[in-house]
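Here the chain labels run A, B, C and D in written order, and each chain numbers its own residues starting at 1.
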Amino acid sequence: MRELKKVLIANRGEIALRVIRTCREMGLRTVAVFSDADRNAPHVRAAYQAVRLGPAPVGESYLRADKILEAAKATGADAIHPGFGFLSENTTFVQAVRDAGLIFVGPSPEAILAMGDKIEARRRMVAAGVPVVPGMEDPVTDPELLRSEAERIGLPVMIKASAGGGGKGIRIARTMDELQSLADRASSEAAAAFGNGAIYLEKYLEEPRHIEVQIFGDSHGNVVHIGERECSIQRRHQKVIEERPSPLIDDELREKMGAAAVKAAKAINYENAGTLEFLVDKHRDFYMLEMNTRLQVEHPITEATSGIDLVRWQLDVAAGKPLPMTQDEIKHEGHAIECRLYAEDADNGFLPAVGTVKRLEWPGGNGVRIDSGLYEGMAVTPHYDPMLAKIIVHAHDRDAAIARMSRALSEVQVTGVVTNAAFMRRVLHSEPFQSGRYDTHTIEGHPEDFAPKLSDARRRDIACIAAAMAHTLRSRRGFTARDSAPRSSRSSAWVDAFRPGAAS
Amino acid sequence: MKYHVLIDGEHHAVTLAADGSAWSVTMLDDDGAPSGKPVHIDIGTLREAHAYSLLVNQRSIDVAVEEQGSSLSMVIGGGRYKVDVLGEREYLAHSIKAEQGDGDKTVEAAMTGIVVDVLVAEGDAVTKGQTLFILEAMKMENEVKASVDGVVARVARSAGETVNLGDVVLEIE
Amino acid sequence: MRELKKVLIANRGEIALRVIRTCREMGLRTVAVFSDADRNAPHVRAAYQAVRLGPAPVGESYLRADKILEAAKATGADAIHPGFGFLSENTTFVQAVRDAGLIFVGPSPEAILAMGDKIEARRRMVAAGVPVVPGMEDPVTDPELLRSEAERIGLPVMIKASAGGGGKGIRIARTMDELQSLADRASSEAAAAFGNGAIYLEKYLEEPRHIEVQIFGDSHGNVVHIGERECSIQRRHQKVIEERPSPLIDDELREKMGAAAVKAAKAINYENAGTLEFLVDKHRDFYMLEMNTRLQVEHPITEATSGIDLVRWQLDVAAGKPLPMTQDEIKHEGHAIECRLYAEDADNGFLPAVGTVKRLEWPGGNGVRIDSGLYEGMAVTPHYDPMLAKIIVHAHDRDAAIARMSRALSEVQVTGVVTNAAFMRRVLHSEPFQSGRYDTHTIEGHPEDFAPKLSDARRRDIACIAAAMAHTLRSRRGFTARDSAPRSSRSSAWVDAFRPGAAS
Amino acid sequence: MKYHVLIDGEHHAVTLAADGSAWSVTMLDDDGAPSGKPVHIDIGTLREAHAYSLLVNQRSIDVAVEEQGSSLSMVIGGGRYKVDVLGEREYLAHSIKAEQGDGDKTVEAAMTGIVVDVLVAEGDAVTKGQTLFILEAMKMENEVKASVDGVVARVARSAGETVNLGDVVLEIE
């Protein structure tokens, strides 16, 4: 047992704030780190102390392991929580933290390494008797081998980055013609994102559901599973909406997948929070995809139904305490859904959006949790992940949870940056989601089902509203023009439209 | 006051009149005669020039609004609408320009990022849906596709260049 | 069974929004009503429709039963939810709602009447075998009778308004000398607040705890209790912090009080949500104080531990449905605390504060619920209740809930209006609250325990911060002065302090 | 720059120097010599003239600030502090005024409301803690008590009158 007193959080945004909140509730002091772009960010303000790392680009700030260790030393932190992304699965960093005599709140470098290389992980899992998706046991570089392996596995195939995660470096090849060019693109994206361009092929399952199992291990050899999360609502191979329990899973399958997840974790002596990702096909057969050796973005839905604070468990386990519950003591109540608020234009190919947040209002009320790193005045830039916030609801059953999330999303007000809030409401109200019969291809396979619809009556309302709003803005402009500086030429065309005589 | 409102290019004519402290808006038919009952709109300001609470015939509707050049970008009940509101003279000018047609179709960067690759060259014939260039932003590579058939008239940016939102990357005739 | 489709909410602020939220989650359309002061309020914006009642004063808006019924008719509402306060316990209004063929979401006028007159209620409860605080069975007007009754009951005595509620019209007389003048004041305050100046005397218990029991009845004769709420943290006879379970109550006492509450409700054929308020003395004997025949401000802590949406139950019961759970099925998990954010200066006699909200930020994260009627730009005026919002937390045990609430309160940011957020944090960290040994006199009996403390080091920090802030504000002022209108003369002294040459 | 900071009347002298983009503040002793190490303060603006994020020797502290005449009202970590920050000349003027003493003690309305009753008259001797008048606001009657012993010099408002925050209701000598 080692006592934790001060924790440095080597991350930014909502996850840094989320970790800081639990630390505060446990009476631990916290150290935030920040780039110049994040000086006024919520995680900086919520922390006990805050240390600047450098300019906005992640290579000069949040990926600077040396500066982070320096900050930990200067502030007297005794532990580092990595959040997810950035350095959370970087074994060199983890080793450096340990070498500096600090506690790394997460698994051992060995466990990360075992699962970090997707191909190596496949080998170990096969050996441990965990089912995996048919695919390659080695990375591929030779174009000839690429073709022959694709033929062996059978088209369509997924091209995946060996060091991948977060949907990056993934391509699907449906024909032999496009195989090589897609492989090249996946490899270059992986090289840019992870510093490792190695790729491999995996069978592409039809109508697959992406279902993952939360596990937790301690330093005393105990491993438990804390139920599944259904993550099949995806676009661009990234999750958008998650729920728990999965509408697909019954108690029997839940137990089987849970047992497989515990087996996988034990095979690598896993400690701390981890997630086993599975694909479940239409025959309800499941295959392990990969293990995420860190806290998962969507962990709050597990917290909502289990009542467990997973970050509190992380910090206790990192201090050497045993898990506070046995498998039998872990129970789930009700239904939870998480929606990821992205800065993106869902009506335009889900392109990431940038801008400055002018106005911000969050939903409130019963059963609604907001984990957000947003603030008014924040510039959403291409430097960081486009995920702005997570909205999590909990209710007594699935229908009530869907209704609650729809209500909550309608209360989200972000002005200045385009978000996917309205898109997610359309998904919630769609037949596939309502019925619970959806898979990872539902969104991109049927984009028209989730596109905005505009009735004639609505169109007339909008015309009326637009006229009244335009007139009001013009009047206010005229009123405020006296005391304010000249406006930029950008809006002059708009002003011209309302010059005297323009309207009859 | 009479306004012409263009929603995705579709034309609506309306008249606007003060209705106490609020507005009364009436749709006009092709002959400029009122069609349908007036719509009563009360506007409450949540954040000047950004966010408003509207009561439209007592229906409560939040509107987020941004001026983009001569257009309004409005978010109403989650839907995002780009709308042009024009006076008579502007609408006339707009109509004439529309009749002449606008020859070139510019393809702009929909976000700030780095051009990873340009897959077409000047003079190439392209078809709708064809990938024109790849833009990297927020750690993702985004394929930008042609929205019309045509011929590439100009390639304004090349691989490796940083582009900002709205920058013209290439033009299709 | 009658179907509800559209509900008018005859209230404002956080409770109107709270009811609207559940209506929306149930697929019901909603009609908000508003005064001119509330045009941009959250409840107006969240509702499907909104109807103006009149100017800001409650007598011209939220108490205008005629205008509310008119709005219901005009919008086609089929039910009216009264929230709490305003017309919620006004039997004339309830009867008028029913006469108009609408559903009143609450108890019958007869049940309200039976409990609305505190003296009449005492009589009925004594008859039903529910223990009540020793006191008078009739209102008092004659000064001679006032003295003799006070002598009979024994000093100190509480002077209470017969039609009272919300701590208004309450005085405590400790000597015979002050009895008459305090009675006069209580009577005049009651007359102003409730239109009824009748008062009565009740034994003033020493070290009493104010503990209430949530009950629920349906139109089929079923009544259940949904556990207690501890409401002893009070100032000015108004609740500030509530928790559930009560640190004082064990399962045996909980059952006894629950049974008494059900007995009381059944005695008046009670339907819908109601609350039995008890005083519990240091011998753990309990006495019924009064019944609140409506939803209670602090109902969310019951929702947090039971998982029940009490407003959903209200609407279902009003539609004629039976209670969805039996007594045995109602279970509680974990610990919940509610803090009421008031516009008041806790460091200055808890005087109500006014102002305009300049900036607003709410806490988020795991286990935090915000029910608020506040918004940026809102003018907090003397027209309405000074309660601005409720912050509710839920955690696995009492210590974790206290820590979570402390963390949440520290994240509350309201600029422009003085609030009691810091005061409530001091209460949470005080010995009486931490140990759970507190009573209704704790706050006002020992004000020094909850006063802000300022160490020398802190004082020095504040001096440094003040100098830097003052200098920064002055610089910005100089910068912005060019484009903005002249500032009011109010701040000229401040500007003078920084004119050139003022600082060496 | 040198400033005099008064917290609840207690005096602190400091010097302020630019420290890169931030500030370095040093406390001064009675002789004007530095006492203790400089405090480094970085100021981030959350809402101009209202809310700031401070890093004080890397400690993260939110400050809400309002100007009230020549004073600053600051909320720091939940505590509310009314602070006067004065230059040398102002501090001198302030000191002279303080030495002369201010004779009258005004009792002001601490909130907007209606005077329900005034319980004292001109010439009455009052003792600390005695109720002076009753003010109704937000549906509550609030008893305003004397904070000092003295004699009522003037009663400026009477029962039934509406008073605003800061209005003088009576004066005690």
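In this section, contacts are C-beta pairs under 8 Å (C-beta built on N, C-alpha and C of every residue); 3 or more make two chains touch, one makes a residue touch a chain.
For clarity, every value in this text was computed on a predicted model and none was experimentally measured.
Student: If you apply the touch rule, which chains end up adjacent to both subunit A and subunit B?
Tutor: C
Student: I want to compare two interfaces, C-D and A-D. Which one has more contacting C-beta pairs?
Tutor: C-D
Student: Could you put a whole-Å number on the gap between the CA centroids of subunit C and subunit D?
Tutor: Going by mean C-alpha positions, subunit C sits 31 Å from subunit D.
Student: What is the distance, in whole Å, between the centres of subunit B and subunit D, each centre taken as the mean of its C-alpha atoms?
Tutor: Their C-alpha centroids are separated by 53 Å.
Student: Centroid of subunit A to centroid of subunit D, CA atoms only: how many Å?
Tutor: 48
Student: Quick check: how many Å separate the C-alpha centres of subunit A and subunit C?
Tutor: Taking the mean C-alpha position of each chain, the two centres sit 39 Å apart.
Student: Please list all residues of subunit A that touch 2 or more other chains.
Tutor: Within subunit A, the residues that touch at least two other chains are 46, 375, 410.
Student: At which residue positions does subunit D touch at least two other chains?
Tutor: Subunit D, residues with two or more chain partners: 46-47, 62.
Student: Considering only the defined contacts, which subunit D positions touch subunit C in the complex?
Tutor: Those in contact with subunit C are residues 1-3, 5, 7, 10, 12, 14, 16, 23, 25, 27, 36, 39, 41, 43, 46-52, 54, 56, 61-67, 69-72, 74-81, 83, 85-90, 110-113, 116, 134, 136-142, 165.
Student: In the complex of these two chains, what residues of subunit C are touching subunit B?
Tutor: The contact residues of subunit C facing subunit B are 32, 39-40, 44-51, 75, 375-377.
Student: Tell me, which parts of subunit A touch subunit C in their complex?
Tutor: It is residues 17-18, 21-22, 24-27, 46, 300, 303, 307, 309, 333-334, 361-362, 364-372, 375, 395-396, 400, 403-404, 407, 410-411, 483-485 of subunit A that touch subunit C.
Student: Where on subunit C does subunit D make contact in their complex?
Tutor: Contact set of subunit C toward subunit D: 168, 185, 188-189, 192-193, 236, 345, 347-349, 351-354, 358-359, 381-382, 384-386, 409-410, 413, 415-416, 418, 421-422, 425, 452, 454, 459-473, 476, 490-491, 493-494, 496-498, 501-504.
Student: Sort out for me which residues of subunit B touch subunit C in the complex.
Tutor: 42, 44-47, 53, 55, 58-60, 62
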